[in-house]
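A single structure is presented below for examination.
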Amino acid sequence: MGLTTGILPTGSHNDIADVPGVRVGHATLCTGAGPLVRGAGPVRTGVTAILPHGGNLFAEKVPANAFVLNGFGKSMGLPQVQELGLLETPVLLTNTLSAFGVADTLVSYTVEQNPEIGVTTGTVNPLVGECNDGYLNDIQGRHVREAHVQAALAAASGSDGTVLQGCVGAGTGTMCFGFKGGIGSASRVVGDYVVGALVQANFGKRSDLLIAGVPVGQHLLQYPGEEGPEPDDVPPGSIMMVLATNAPLDSRQIGRLCKRGALGLARVGGSAGNGSGDFVIGFSTAYRVQHVAPAELASFTVMRDDAPAMDRLFLAAVEAVEEAVLNALFTARTVEGRDGHVGFALPVSRILSRII
Amino acid sequence: MGLTTGILPTGSHNDIADVPGVRVGHATLCTGAGPLVRGAGPVRTGVTAILPHGGNLFAEKVPANAFVLNGFGKSMGLPQVQELGLLETPVLLTNTLSAFGVADTLVSYTVEQNPEIGVTTGTVNPLVGECNDGYLNDIQGRHVREAHVQAALAAASGSDGTVLQGCVGAGTGTMCFGFKGGIGSASRVVGDYVVGALVQANFGKRSDLLIAGVPVGQHLLQYPGEEGPEPDDVPPGSIMMVLATNAPLDSRQIGRLCKRGALGLARVGGSAGNGSGDFVIGFSTAYRVQHVAPAELASFTVMRDDAPAMDRLFLAAVEAVEEAVLNALFTARTVEGRDGHVGFALPVSRILSRII
Amino acid sequence: MGLTTGILPTGSHNDIADVPGVRVGHATLCTGAGPLVRGAGPVRTGVTAILPHGGNLFAEKVPANAFVLNGFGKSMGLPQVQELGLLETPVLLTNTLSAFGVADTLVSYTVEQNPEIGVTTGTVNPLVGECNDGYLNDIQGRHVREAHVQAALAAASGSDGTVLQGCVGAGTGTMCFGFKGGIGSASRVVGDYVVGALVQANFGKRSDLLIAGVPVGQHLLQYPGEEGPEPDDVPPGSIMMVLATNAPLDSRQIGRLCKRGALGLARVGGSAGNGSGDFVIGFSTAYRVQHVAPAELASFTVMRDDAPAMDRLFLAAVEAVEEAVLNALFTARTVEGRDGHVGFALPVSRILSRII
Amino acid sequence: MGLTTGILPTGSHNDIADVPGVRVGHATLCTGAGPLVRGAGPVRTGVTAILPHGGNLFAEKVPANAFVLNGFGKSMGLPQVQELGLLETPVLLTNTLSAFGVADTLVSYTVEQNPEIGVTTGTVNPLVGECNDGYLNDIQGRHVREAHVQAALAAASGSDGTVLQGCVGAGTGTMCFGFKGGIGSASRVVGDYVVGALVQANFGKRSDLLIAGVPVGQHLLQYPGEEGPEPDDVPPGSIMMVLATNAPLDSRQIGRLCKRGALGLARVGGSAGNGSGDFVIGFSTAYRVQHVAPAELASFTVMRDDAPAMDRLFLAAVEAVEEAVLNALFTARTVEGRDGHVGFALPVSRILSRII
């Protein structure tokens, strides 16, 4: 749209699937209208699946780590990722109250691929993140069912690499800076390496929004358009950030990358409000760790911490998260949800006419 | 049984319900026999509920914290407890693969009490811990259903204060030190205060067992009885430790208490093996934090860190966890599960004849 | 200078001393010129003291916490601050290799006020942060001596509230974004509360500098002035961030504030490079904790996490750190150090003509 | 002495120097008698140096990590070790108030070997631990000077592998369980690997002491000998635990090993009292990381987490720390310090006659 943020080059599609092998799929649930009928709707939610590779993740795990910027959230699977440094399932994103059911289905999915789980080998650690989309969605209804999770996983497996953004999947019902949020993605290139980010953006007060450093939120407060004033009953929100890279980083280093990803929030005006669950999950596709291996020892090749590329990877994480949030905002459209609640699309042309 | 461990006095019942207000309930699932038929059985599992008080926990939260000794586990709810220092649901324990469904039911339970969740207030953070009972149980079957969770919660609510131990609830199918494990509990008194522990014991190799410092495990390896040699296909296990106290501690201090609870493992020979998910969750009943409050400020009275009682509370946590594990072992009975797998009861009389 | 960043109002002086009771003092060492003679000079360094209050800090501690964004640094005292949540000495900042000697003097200073330390009471936990100013300074010489530390502490004690910024104290020899860095400070007001930040800015690559979101660094690379191209031998640097507030926060909450302070870095283009030791130390002046108290219990009044003011305090921390870094850059002047190394002042007028 | 603890075999000398390449040296300061004259004496302190290898540690770093069981302590260097996973200086132990001066000398030592530090390369992260020996020692006097540090380092470099224990080096003035503490060491063997521990034992109340699980402390309270009742004015103490291994572990895994080392405390009755700074520092000698390397990537061979040896290494850490504490107690002799304070040697024969 003529707007650039950051100084590093983007990947060819400027999304997380620029990291070779990474694929994304969504299941979008958008039915009903009118007043909230708990358990019935309106439904404005979904589930998003991110696959680090197209194989059997439980059998061939990838190095991973996580960073909790603000732990007001119900993400599942972090303690084990932080302890062992491995991701062994796809990453799924959904709404807060559906997260547990979604995790249960992710267990089913993994057990189907690996029937020995819990019988002749250990259990599995499903990785699920979530945001509260209850401003638009009948979140108590927990409408994301097993079939939706399987559909999102299948969509990711069969993906041609396209990453749909905006009001799709886990972003269907989210709000961001008092506007309609959603799924956003972006990428940055550092030499032979790519860092990609995908976010489920559901955080922020309108007053705080920065775009390329410009306090757009203040301007919009002063000169509201059809969106009117910021609704004061949007819940405090959250953001799930997923980082992928093909750079050869071990889990300690991925943990460092995740911390930098969190910094990206600050560049759009985020300050990790009390009620915002802000989690970063990162993985590398550079090598795999077999679930079963004949030998006691294993060899890995990783980047030295002081390699010049490391600092640029860190900046890439900051920039990719920043732009992923902006892309979520720029691709979302106006959505009316329960009880007349409206998530207005960011008035992009009005804003761009002011910024550029 | 004539055996004492530790130097502090126990509470009147020597269990976690010695902390005033704390109640425990179980639902025990024990059906079927013979070879494993995935999804059908045999079933050797259950769910255990611990209530910090008899009221509405979401409305009246209690200060809490957690410590991860070894994060190879799927416990849910820890990041938020660590961030906010509050527990807002009962603590539920179950088997690993049922944990997600159990958490989903805990959401239902809390939403029923608090129908505004996700509509006019935020969401809820269910606290669920788990162990892998797949050596005896058809864990893939995820047999713990909504009714079982509700039954355990109801049993806790209606409890007269009795804490059933051994092969009950979440301990129905667990193994410990190569013998049948289960639920164990113990308490210690420090002046006006009580520290209670409840564990779901499912960890350890037989060779490592210490009882009151005596290397009983070595003895049993050398002189096996009817239990025969240690089966080599017991999964590495885990232990969930829950600490309760009526001492006025804030979340930072409860986090310190949790670390000491983890030390209790070492006194029975535990060393937190790679595959053992070892989590400690602690809470205090000394004060409550309202979900909704009119004022911006709140006042709390807590113990000074350098109060002499603090060091004794720390020791109480060590001793209570140590004895809770022993109580799990001493109260468990021999259980045959899937595929002829047998969890033999600890040969208590043989051991005591040697120790005392 | 006509430039504003952030949306919250500043305190009356826009520095950390806007927090009532907080005082800052410096000792600045700037002697010699020409080639490096190890142990002799040139000397471009110093020490900066921040006092939470004018009394005896060991006797009357303040609640505190810390956050490590990137632990490539030698800060002292963090483990105890994180464990106990208390600050019991002034915060001192200096150069990396002098930090240990400075801490030793801080022990002397505290022992002089509290002669019972190590005799009839426990020891003291000196809090010292540092940056590597070796690009300009003979850092091996460890020129900061006891007298300088005492001078900085005395300057702080006797301060009228003025906070000198730029090439003073611990900022005398620092570099920032390839220009001369230094000490910077800023503040933000949230209702009755103030959040103040003071930074020792010594980090960043020129290419990355953002001012109010504008990629000034890229512009300066393309159109260098008298400062020429970025020197390629500036060490990777660090930033020490000190946050003060009079809001009634306990140590857990101050830890959350510190995390938000770290986000401020991202708004000036920082991404916490591998070699950058990025530490945040925070304290509140709202209440004190006595070293010796007659009672076992203590009462405190603190802000609820969900108070609306909390989110604004978090944003205040972001904005105060952002502007403190900019103030360090804007107040620094060109300094020539060892071996002809020059830290050029940021070409402010050239930049402002482009931004505003 | 006929007493065995634990089930794993010890190394040939049962000390930390059983890990090939590891060497230990002490400087012991023991002068003066009578009443405390601050700055003059009596002096009962020292410094202990542990070398991971005989080369230049800054140039050839070793993988390392640390765990803080209780952060009431002033250890230096932990944040960087935890961030980068590398140890780049010897580990030095001393008294609390001398720790900063000792670190300063460790900087000098490293700069002498690597004169480019702070000039053409970065700075150095000295690793220093400490305990409060002020019950016997004039700790305000900070009697450990540069020459003593250099002497300890030289003694370690020139060591034939002997590890002196008891009232030597940093253990000269420490107290443990109300008796004279000191330096203790032990080791355990797991296949081709050794885990060694060295502790500076300065913690615990007499009532709590367990030896091989026997509540010896309770017995000694009931039947005191010439040592009389426990003095009530011993400061709360601390313990520094250093773990070395030749097993090929990366820093994440060493962090896990350190956590298990902390469990060893519980087996002698420790419960990490509020005022006890309990830190574990671990390193592996299996590979080295060059300070300067030509390539951006580096390859490492490490043990898989699920290797059977890993669990035994974890148990080895528990047992080695347990026995190291006992060895400190068993090798210490009675020492009279300032003001008639006496640290009585543990009455070993009286105890053994009861235990064995």
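Which chain is which? They are A, B, C and D, in the order written, and residues in each are numbered from 1.
As a working rule, contacts are C-beta pairs under 8 Å (C-beta built on N, C-alpha and C of every residue); 3 or more make two chains touch, one makes a residue touch a chain.
Predicted model only: the values in this text are computed from it and were never measured.
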Interface with more contacting C-beta pairs, comparing B-C to B-D: B-D
Chain whose average C-alpha position is farthest from subunit B's own: C
Whole-Å separation of chain centres (CA-atom averages), subunit B against subunit C: 44
Centroid spacing, where centroids are CA-atom means, of subunit B and subunit D in whole angstrom: 34
Junction residues of subunit B, two or more chains touched: 70, 83-84, 236, 256, 275, 305
Sites on subunit D touched by subunit C in the complex: 36, 38, 68, 70-80, 82-84, 96-97, 100-101, 103-104, 107, 111, 115, 117-120, 122-126, 132, 134, 139-140, 142, 233, 235-236, 275, 277, 279
Subunit D to subunit A touching residues, read off their complex: 83-85, 248, 250-252, 256, 293, 295-305, 307-309
Complex interface listing, subunit A residues touching subunit C: 7, 69-70, 205, 207-208, 210, 212-215, 217-218, 236, 256, 259-260, 262-267, 270-275, 305-306, 310-311, 314-315, 317-318
